[in-house]
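Letters are used for the chains, namely A, B, C and D, taken in the order the chains are written, and counting of residues starts over at 1 for each.
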Amino acid sequence: MGKTRLEAFSDGVIAIIITIMVLELKAPHGSDLSSLLPVLPSLLAYALSFIYLGIYWNNHHHMLHLADRISGGILWANLHLLFWLSLVPFVTSWVAEDSRASIPTAMYGLVFLLAAIAYTILERAIIARQGPHSKLKAAVGDDRKGLASLALYATAVILSFVHPWIADAIYVFVALIWLVPDRRIESLVQSALHTEHGS
Amino acid sequence: MGKTRLEAFSDGVIAIIITIMVLELKAPHGSDLSSLLPVLPSLLAYALSFIYLGIYWNNHHHMLHLADRISGGILWANLHLLFWLSLVPFVTSWVAEDSRASIPTAMYGLVFLLAAIAYTILERAIIARQGPHSKLKAAVGDDRKGLASLALYATAVILSFVHPWIADAIYVFVALIWLVPDRRIESLVQSALHTEHGS
Amino acid sequence: MGKTRLEAFSDGVIAIIITIMVLELKAPHGSDLSSLLPVLPSLLAYALSFIYLGIYWNNHHHMLHLADRISGGILWANLHLLFWLSLVPFVTSWVAEDSRASIPTAMYGLVFLLAAIAYTILERAIIARQGPHSKLKAAVGDDRKGLASLALYATAVILSFVHPWIADAIYVFVALIWLVPDRRIESLVQSALHTEHGS
Amino acid sequence: MGKTRLEAFSDGVIAIIITIMVLELKAPHGSDLSSLLPVLPSLLAYALSFIYLGIYWNNHHHMLHLADRISGGILWANLHLLFWLSLVPFVTSWVAEDSRASIPTAMYGLVFLLAAIAYTILERAIIARQGPHSKLKAAVGDDRKGLASLALYATAVILSFVHPWIADAIYVFVALIWLVPDRRIESLVQSALHTEHGS
């Protein structure tokens, strides 16, 4: 299996996921500005999920760019990742229905936590196949960002039972880590991680 | 017709099928964990169908990798396969509505039985075109896994009228045959086939 | 504009159209075989539209295979064709709602008539650009099948007001012309055309 | 990141957006011609959005054709554009629900205004990366059409509060500017701009 077709299939699936979410945005049942209000949480949730999927697409591409050959195990690890990503429209529309409820907010984070775990498994599978001189291993390094995201998602899932807005803030924060890739933010993440793990 | 465009079109259709199924997963009508319960059968049915379509995509790719040229017959045999696969979201959402009913469970298996028959027809069409020294023929061999799947689907369709859970167990079992490709499972399939055919 | 990207975009749009139609197939509201009955017209309409779109995809590919360069005019002629094809899911679900009504049956044919006209315009645009020694012109010849389809669609639209089943029969017949491409059927089409035009 | 994969992903997303809009076209609840009437605004809105997305796809392709390499900034500028385009089905179905209301008509223009701004940002990002001898800069020139569209969208958003039909006329007019690219229309745009800005 060449990696070109794996990339094309993954691109197709992510392009569809990122776009069909918009089908959950039902046209408001009125024609004034106030009728847009109930749709607002949906719009914000959609925007956040769009950014997350954009980040996944971007990272997925860079990772596969450094992969050499695709084994059966890598193929299924990739489908495993796509499975969790495909549940994003589901949890996005649930969280949009009642954004102040704990369970949907926690489920939103849980799906991204499982997607992040699937991403890590895929990464490890590619590195394992490349052997000791793995190009991907060299590029990823100790993958602090990835591990920080995992920890932050897990923290958000738990803290959404304290208050959903705490979890929402963490979700936005994780997106920012990947969107604004500078050193200060990374060190900020680490200190935040220490604080949250300590709490 | 080059096979590249046939592959790209098939990939596109399978990527869409695998993703739009998630649109059938309606956001729960509540915000507590118990409101997730009625969605659970949908989620499980979605996961199983996702795995099945992943297996089809994987096998389809390997088969076309060994094909040389595409004739009109192969093109239509391929569209025939895509037609049955495109009905997967329909039967998945039906089986999810009442997972303890016989008819939807049988229909679920029937669509996969017809897809498996379409797959076999496509395989034969490619082999026939390749002639006596067919690479695909050599790779497929006597295609025990494919024939076992056909027999298992047919058995499941019938046994879903005895009890749907028997059929469900067979569906999971067929998925496992393709996911975990080791010798012991294959011999297990064969003995299972003998038992079921004897019953 | 290279034709590769035009092909890829068209393939993508047709793949999506052919697949999202299945979203109109709502899971039956019961679990016995009789609850499948109200869905049956949808299933048949879906199957016919699937075959039509398969034929369009097939012919579209062969036509573009013989095209050289893409002009702005060809690009928009292609989008014009895709527009009418994109309305297929809409008329398919309308005809499925009440398959014995004249208007939906006529509209179904009208969309395919307009798609066939758009296809002919695209064909002419490519031939015009290729000049006197057009490869496509040589391959298409006098395009009797295409013209026959146009005439048959127009006839079906009119005859659906006499009885929808006459139109349905013509729709199935046009699909057969393209699926079973032998000489006898073609001469059959011509005599049928004479009869229908004479009526 | 090669630009091939960026193009393929963008094509996929635009192909999906352009096609899923048709899912908002619900089959009429009757079988006579008059039952098509309530769907007519939807059909017209769909047709206009289809043309707009076709224009975007066309221009996007020409722009990327002149781009050399893709940076992280260009990638996110591209996703930013796709985000606003992905909201087109949402505003299209809203404007179709009550085409005589000001707010939905204004929102329709607002999404295209934001898409046009995102397009301009993407254009600038590519030009900036190409440096002083930018091929894209040379091709785009002073981009009068792009700036005129921006101004016309903004004008339409404001004038939709005077009367929605004025905005609708401007939307059709902007589409015509891009569809019929001759000099007279361009000068017409400029004089129109002067008049509207003067009002």
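Here is the rule we go by: contacts are C-beta pairs under 8 Å (C-beta built on N, C-alpha and C of every residue); 3 or more make two chains touch, one makes a residue touch a chain.
In this text the structure is predicted, and so the values were computed from the model without any measurement.
Of all residue numbers used where subunit C meets subunit D, under half belong to both copies. The two sides are thus made of different residues.
Chain centres here are Cα means. That of subunit A falls 29 Å from that of subunit B. With centres taken as mean Cα positions, subunit C sits 41 Å from subunit A.
For subunit C, residues touching at least two other chains, in rising order: 8, 12, 16, 20, 23. Because contacts link each chain to exactly two others and close back on themselves, their graph is best described as a ring.
Pairs of chains meeting the touch criterion are A-B, A-D, B-C, C-D. Taken together, the subunit B residues at the contact with subunit A in this complex read 7-8, 11-12, 14-16, 18-20, 22-23, 25, 27-28, 31-33, 35-36, 47, 50-51, 54, 57-58, 61-62, 65, 179, 181. Here subunit D touches subunit A in the complex through residues 1, 5, 8-9, 12-13, 16-17, 20, 23-24, 72, 75-76, 79, 82-83, 86-87, 89-90, 93-94, 96-98, 101-104, 107, going by the rule given at the top.
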